[in-house]
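I am attaching a structure below and will ask some questions about it afterwards.
The chains carry the letters A, B, C, D, E, F, G and H, assigned in the order they are written, with residues numbered from 1 in each.
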Amino acid sequence: MNHNPYLRLDRDNAVVLLVDHQAGLLSLVRDIEPDRFKNNVLALADTAKFFDLPTILTTSFETGPNGPLMPELTAMFPDAPYIARPGQINAWDNDAFVEAIKATGRKQLILAGVVTEVCVAFPALSAIEAGFEVFVVADASGTFNEITRDAAWRRMEAAGAQMMTWFGVACELQRDWRRDIEGLGTLCANHIPDYRNLMTAFHAQQAK
Amino acid sequence: MNHNPYLRLDRDNAVVLLVDHQAGLLSLVRDIEPDRFKNNVLALADTAKFFDLPTILTTSFETGPNGPLMPELTAMFPDAPYIARPGQINAWDNDAFVEAIKATGRKQLILAGVVTEVCVAFPALSAIEAGFEVFVVADASGTFNEITRDAAWRRMEAAGAQMMTWFGVACELQRDWRRDIEGLGTLCANHIPDYRNLMTAFHAQQAK
Amino acid sequence: MNHNPYLRLDRDNAVVLLVDHQAGLLSLVRDIEPDRFKNNVLALADTAKFFDLPTILTTSFETGPNGPLMPELTAMFPDAPYIARPGQINAWDNDAFVEAIKATGRKQLILAGVVTEVCVAFPALSAIEAGFEVFVVADASGTFNEITRDAAWRRMEAAGAQMMTWFGVACELQRDWRRDIEGLGTLCANHIPDYRNLMTAFHAQQAK
Amino acid sequence: MNHNPYLRLDRDNAVVLLVDHQAGLLSLVRDIEPDRFKNNVLALADTAKFFDLPTILTTSFETGPNGPLMPELTAMFPDAPYIARPGQINAWDNDAFVEAIKATGRKQLILAGVVTEVCVAFPALSAIEAGFEVFVVADASGTFNEITRDAAWRRMEAAGAQMMTWFGVACELQRDWRRDIEGLGTLCANHIPDYRNLMTAFHAQQAK
Amino acid sequence: MNHNPYLRLDRDNAVVLLVDHQAGLLSLVRDIEPDRFKNNVLALADTAKFFDLPTILTTSFETGPNGPLMPELTAMFPDAPYIARPGQINAWDNDAFVEAIKATGRKQLILAGVVTEVCVAFPALSAIEAGFEVFVVADASGTFNEITRDAAWRRMEAAGAQMMTWFGVACELQRDWRRDIEGLGTLCANHIPDYRNLMTAFHAQQAK
Amino acid sequence: MNHNPYLRLDRDNAVVLLVDHQAGLLSLVRDIEPDRFKNNVLALADTAKFFDLPTILTTSFETGPNGPLMPELTAMFPDAPYIARPGQINAWDNDAFVEAIKATGRKQLILAGVVTEVCVAFPALSAIEAGFEVFVVADASGTFNEITRDAAWRRMEAAGAQMMTWFGVACELQRDWRRDIEGLGTLCANHIPDYRNLMTAFHAQQAK
Amino acid sequence: MNHNPYLRLDRDNAVVLLVDHQAGLLSLVRDIEPDRFKNNVLALADTAKFFDLPTILTTSFETGPNGPLMPELTAMFPDAPYIARPGQINAWDNDAFVEAIKATGRKQLILAGVVTEVCVAFPALSAIEAGFEVFVVADASGTFNEITRDAAWRRMEAAGAQMMTWFGVACELQRDWRRDIEGLGTLCANHIPDYRNLMTAFHAQQAK
Amino acid sequence: MNHNPYLRLDRDNAVVLLVDHQAGLLSLVRDIEPDRFKNNVLALADTAKFFDLPTILTTSFETGPNGPLMPELTAMFPDAPYIARPGQINAWDNDAFVEAIKATGRKQLILAGVVTEVCVAFPALSAIEAGFEVFVVADASGTFNEITRDAAWRRMEAAGAQMMTWFGVACELQRDWRRDIEGLGTLCANHIPDYRNLMTAFHAQQAK
């Protein structure tokens, strides 16, 4: 019988890392269609805000063709550590990035970025080696096509990363709806059109 | 040689018809994924506003399981004719709906709704028979699956409807960017994430 | 401007033709997955019952590998004309079949069968030539794959057949929910799981 | 050489857990089409009945937008433990749910629910940690899209869950057709249209 | 009402044209997978033989990279006119090809080839212009991808070609199973694995 | 019987129009994957060169986010008319563009661009109305997704445009391999990897 | 560094197990299209013959709706052990089946069957537990859909089964083309149409 | 907590193995479309050149139907060890191939080839057994279809191979853009059309 421990996200021990969601690089993402991908990234950002998780932003060559960070992220996290890497491809090779993580004292890394097999996979592998628990937010990470995505997922998974999506992250952090019903409901309604529909119909009927 | 006349949208002759985008019925739409569909419907609504097109809203049994109209539409068009049909499935069978259209004096109908083969196709066919030009906004209309969509498109097309999508509608109404560059740019940036990225990168570089 | 007349289904002028939905032939259908296809065929049959439309059943070599008619259809239409064709592939080549249609005095044929490019397309083309209006129920008809389906649809469409699906047929026959709200609601709930869910949620909330 | 033990379902040691198959939440399921998904859930329920397995039902906020449990499940298991969770997202965090499982004295959990990465994955991971064997019924569990499904499967699998589908569960519990030929045949015919066709053809020919 | 005549295949008026099914060119076909495509081409050839239809073979530059004709076709039609075109891309530009067709005195052309948008579409359009009825065997014709296929079908269809597949051709030529039950059954069993299965099961049960 | 004339491309009567293949707009194209799309556009350009067809380039707002024309096109056609439109969305609304076409004295327009439903469809419809024959190069035109593509194709087709792809255009212009075997072979080998493979294998074997 | 031993197929230590490829059950297979699946099964059978591997056939209830074994298999292996199981679903629960395997003295099981998650997965898991090396021939095994296939593959893989396809099996058994060039070439040409084309073109050119 | 070491590519310890990218075998590749596949293979070759990695070429029966190596590879690596294997299917069974690898003194093998489950998987498994670290370049390796690819990936992954794609390999070798910005930028622009577009737009704007 299998008694593996359940590595469970804990809102007092998690930090969110958003890696290279830059305007130029986003045009490379073709394994998720753009409306859905944009929504997923903003949903993850809203999740970070909702749970007051420390959040770290980083970019690669933002003054070149890779382009600036999505302005929504800059606006949402004005006080977050923001590491514009001078050249390191693997964000973990940048000391300021690792220091920013360590400064939080947290051990669970919630990680998303563009493109998956590089900007997500490289720091994921480094972080696992360094003893962190890594939770990849797969649907807020994007890459060229399904083949590159699939290879990237397998490499990270084989190394011990946990594959998740933004809604699972939000629910695992929340644990119990009673913690803040209104808040989680709003998060869902803003980023899951089907859930918005459920709420619209429900409240209309209640109002009768 | 073929000299078919080009039936071209004219912003002084067009009216927008939004049929049955109701919270319950939206859960039936499975030929477009929800993030994209919601975006398309709101993009069409924004297009109607941007060109000051007369817009008519209608619903079917909104107090039953079909549910209320998407609240965004109600909010955007507070003064639009709003026909809550008491039972007619084909909106064209409802006199108030047809009167609202005729009251605009316009002959070009820009039509979208849920579900495509019923709420869109039935009034499209009736309107063509009544001498109107019908432009179906295919990506702001949804239905159960690709087979139902494909059959619906073919029936409307065989009757003479023009198949379009929201972006083509916007561009054909605009004719020339110089009419309002800022306005069309904002419309695109708000509803086409890839276009937003282009603008973000462009403006960042200009600012240097 | 286009003033094509709208060929609209009329419940006093329509007859339903179910062609070769036989247990053996059903194993050939691979352009729709089996759960959905079975549901669509039964939904069309329920539609025929709900509107009291004359319905005609026919089979091809049912004592051979093609197998017997789906038992549900036999049970639902015990008094319907049932033409077990001795060899004609195109049901229209069978005099008894055409006579059964003519005996109804109706001119609108609602047609579905297996396989689409043969058992549906051949009688569709013959019926159009004979002056009938033909409405193909595309999602209650099945064939080997998407290529055969697509070719079959195009051939029928080019000849003047109207492509529909069972839900569109039901709604066009109904015209107005007030004709029988309960009846149409039940039909929908029994064959559209998403609609069943809407009704379940609605009634639960009403009961509070 | 590999001598892994075969964790095999045993009808004297298994319990079925149906988590959050609620009318509202079902509208979120888009990785399986609705006809097939509804059939799979009912097939799993019929399997539980056929083998007289203890079955436990649970829901999340059923008086809110998530909506009531599928009425078919309520009707089929009138005497089953039914835990309407007041707020816990992970059913395993609800003591009554875990107590109901422990009260059966069984160690093999056959688990399905909506949505996969939350309502299935969270209790699956908790149960594995607690020493249970977990068998996920993948085709009776649903979620937003293929990406969320794929990530959820990988996380559960990495933790030691066995990925199964309802038909495999039924066959592994049955072990030998001779245990009850009629019963298993009926279960298959009711939920596998292709198998129904085989039986129809077979019996028709036998009757000759 | 629509009274279009039904252009129906007649085995006394049809001729089969197999255009450029050459070993090299076959490697370009990627809109149908190879096992299925090979089967379809041979099924069409068997159909031609079964109905004793005059059949004409033609190739393009068979001594160059395009390669020799599929050896199965050469073997099946040793006495058929065989036009190795010295350079004309549109077979209709080759006088010997057109003469061979005219020599049959037949007006219905059953046409398949590789690649669809060139080797099939060009002679199809020329033949229509010359007053022939053209029936394209879509699933025995192949091309680079779905986009090229789709464009080719539309161009031919708009010009008046009938889109068919080999099984539809065979059934329309046969008209009545009683013409030769054994023959048509064998044709089906050899080229439709699912039909072979039906016959295997049927005969096994009969033998009991 | 159908005697439609075959509208056939003639290298003395055709002109190539490349509309808005700009670096920014190309990031919007998601109905064809980028490697294939880039290849198709360059293949069409090479075809224009190979047949010495007059070619006209046009762009929309190239100094803004839409970006500059693909540099390969600028380099290949240094002497071609190049119309940088100051604002007209439909290139046909720009007098210089129409004049450039009329100056060639040609009546067949080979047209490709980005995005299909706007930059291709609008001038296509205008040109048909003006009495030109329009041949759309579908695989050198791109847009947001399959739904927008499909709608665009249908609208153009209904107006009388011919749907083609670059390889069909090249073959219809060439008519006979003997016109220039080497040239057409090179064109194919450079843009169809499978054809390159055939030639590599063929020549290697010849060299033995 | 990883030094896992390579479990490599050895033609002196392998036995082929064909489980339940029965005419009725084949109609359940919908994760591979029928032409390809039939070809794969026969290719595996030819592989077994080519390498003189001991081969064991087994069926489940072949006198009922499951139907008789594919006649091609019966004809190819007239002297093979043939175990018509009286009721055991897992072939490993049938003593005669296990005895037949043990009688060969071989430890490597090459296993294929219908349906994958039951008739393949159950004996695969049992065999691994019993100390055999299991090589699943994935493309000669079929099931209801991609979800059932994917779950079945994961369960077997987690237990230590090697996932292979018929061509990989043949190549690993062959080791060196020189062992029998003609034989392997014929096997490939008969079951890989693209390889047949290569050989046709090659030999035609050699003959010049 | 998981502390797996990160097996990271090191440009002083890696060697590139290109196995059987031959003109004939390439026609078998159908799991990636040809334009993309050709680009990926050349991108990997360019990556090898850019990092001055030792590169080894090998072929199987290049004088037979498998055909000669892609001429681009021969041209790019004129001095690379080139092992034309006389018959061994697994390149690792060829002593010259293994010696060439060992002669480099490197332990990290970057491996790609055609077809994936044979020419890639066999040497990958052998190399792992021999103590090498294996990095499979999945998108520069091709095979018959998705099923064969998926099975091949799983077998290699279970043995400890790392699944990568060419862009991930290039980035992991580069480590820091500052090592050679121009060089990596050129590599990306030449093989990622979307990246080329970003650079075109960026430089055009800079030039203003």
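Note that a contact is a pair of C-beta atoms (placed from the backbone, for glycine too) under 8 Å apart; a residue touches a chain by one contact, two chains touch by 3 or more.
Please read these numbers as outputs of a predicted model, since none were measured by experiment.
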Study note, to complete from the structure: Intersection of contact sets, chain D vs chain E, gives C, G
**Study point:** Chain centre separation (chain C, chain D; CA means) in Å
**Key:** 34
Point to revise | Centroid distance [mean C-alpha coordinates] between chain F and chain E, Å | key: 30
Study note, to complete from the structure: So chain E residues touching two or more other chains come to 24, 27, 30, 33-34, 67, 192, 194, 197-198, 201-202
Practice item. Report the complete set of touching chain pairs. Key: A-B, A-C, A-D, A-F, A-H, B-C, B-D, B-F, B-H, C-D, C-E, C-G, D-E, D-G, E-F, E-G, E-H, F-G, F-H, G-H
Review point. Across the complex, what residues on chain G touch chain D?
Key: 24, 27-28, 30, 60-61, 64-67, 86-90, 93, 107, 115, 117-118, 121-122, 125-126, 128-129, 131-133, 144, 147-148, 150-152, 154-155, 158-160
Point to revise | Residues on chain F engaged by chain H in the complex (per definition of touch) | key: 23-24, 26-27, 33-39, 63, 67-68, 70-71, 192-194, 196-198, 200-201, 204, 208
Practice item. Note which residues of chain H are touching chain B in the complex, please. Key: 198, 201-202, 205-206
Exercise for review: In the complex, go through chain H and note every residue touching chain E.
Suggested key: 27, 30, 33-34, 145
**Study point:** chain B-touching residues of chain C, taken from the complex the two chains share
**Key:** 1-6, 8, 32, 138-139, 153, 157, 162-165, 167-168, 171-172, 174-179, 181, 185, 192, 194-195, 197-199, 201-202
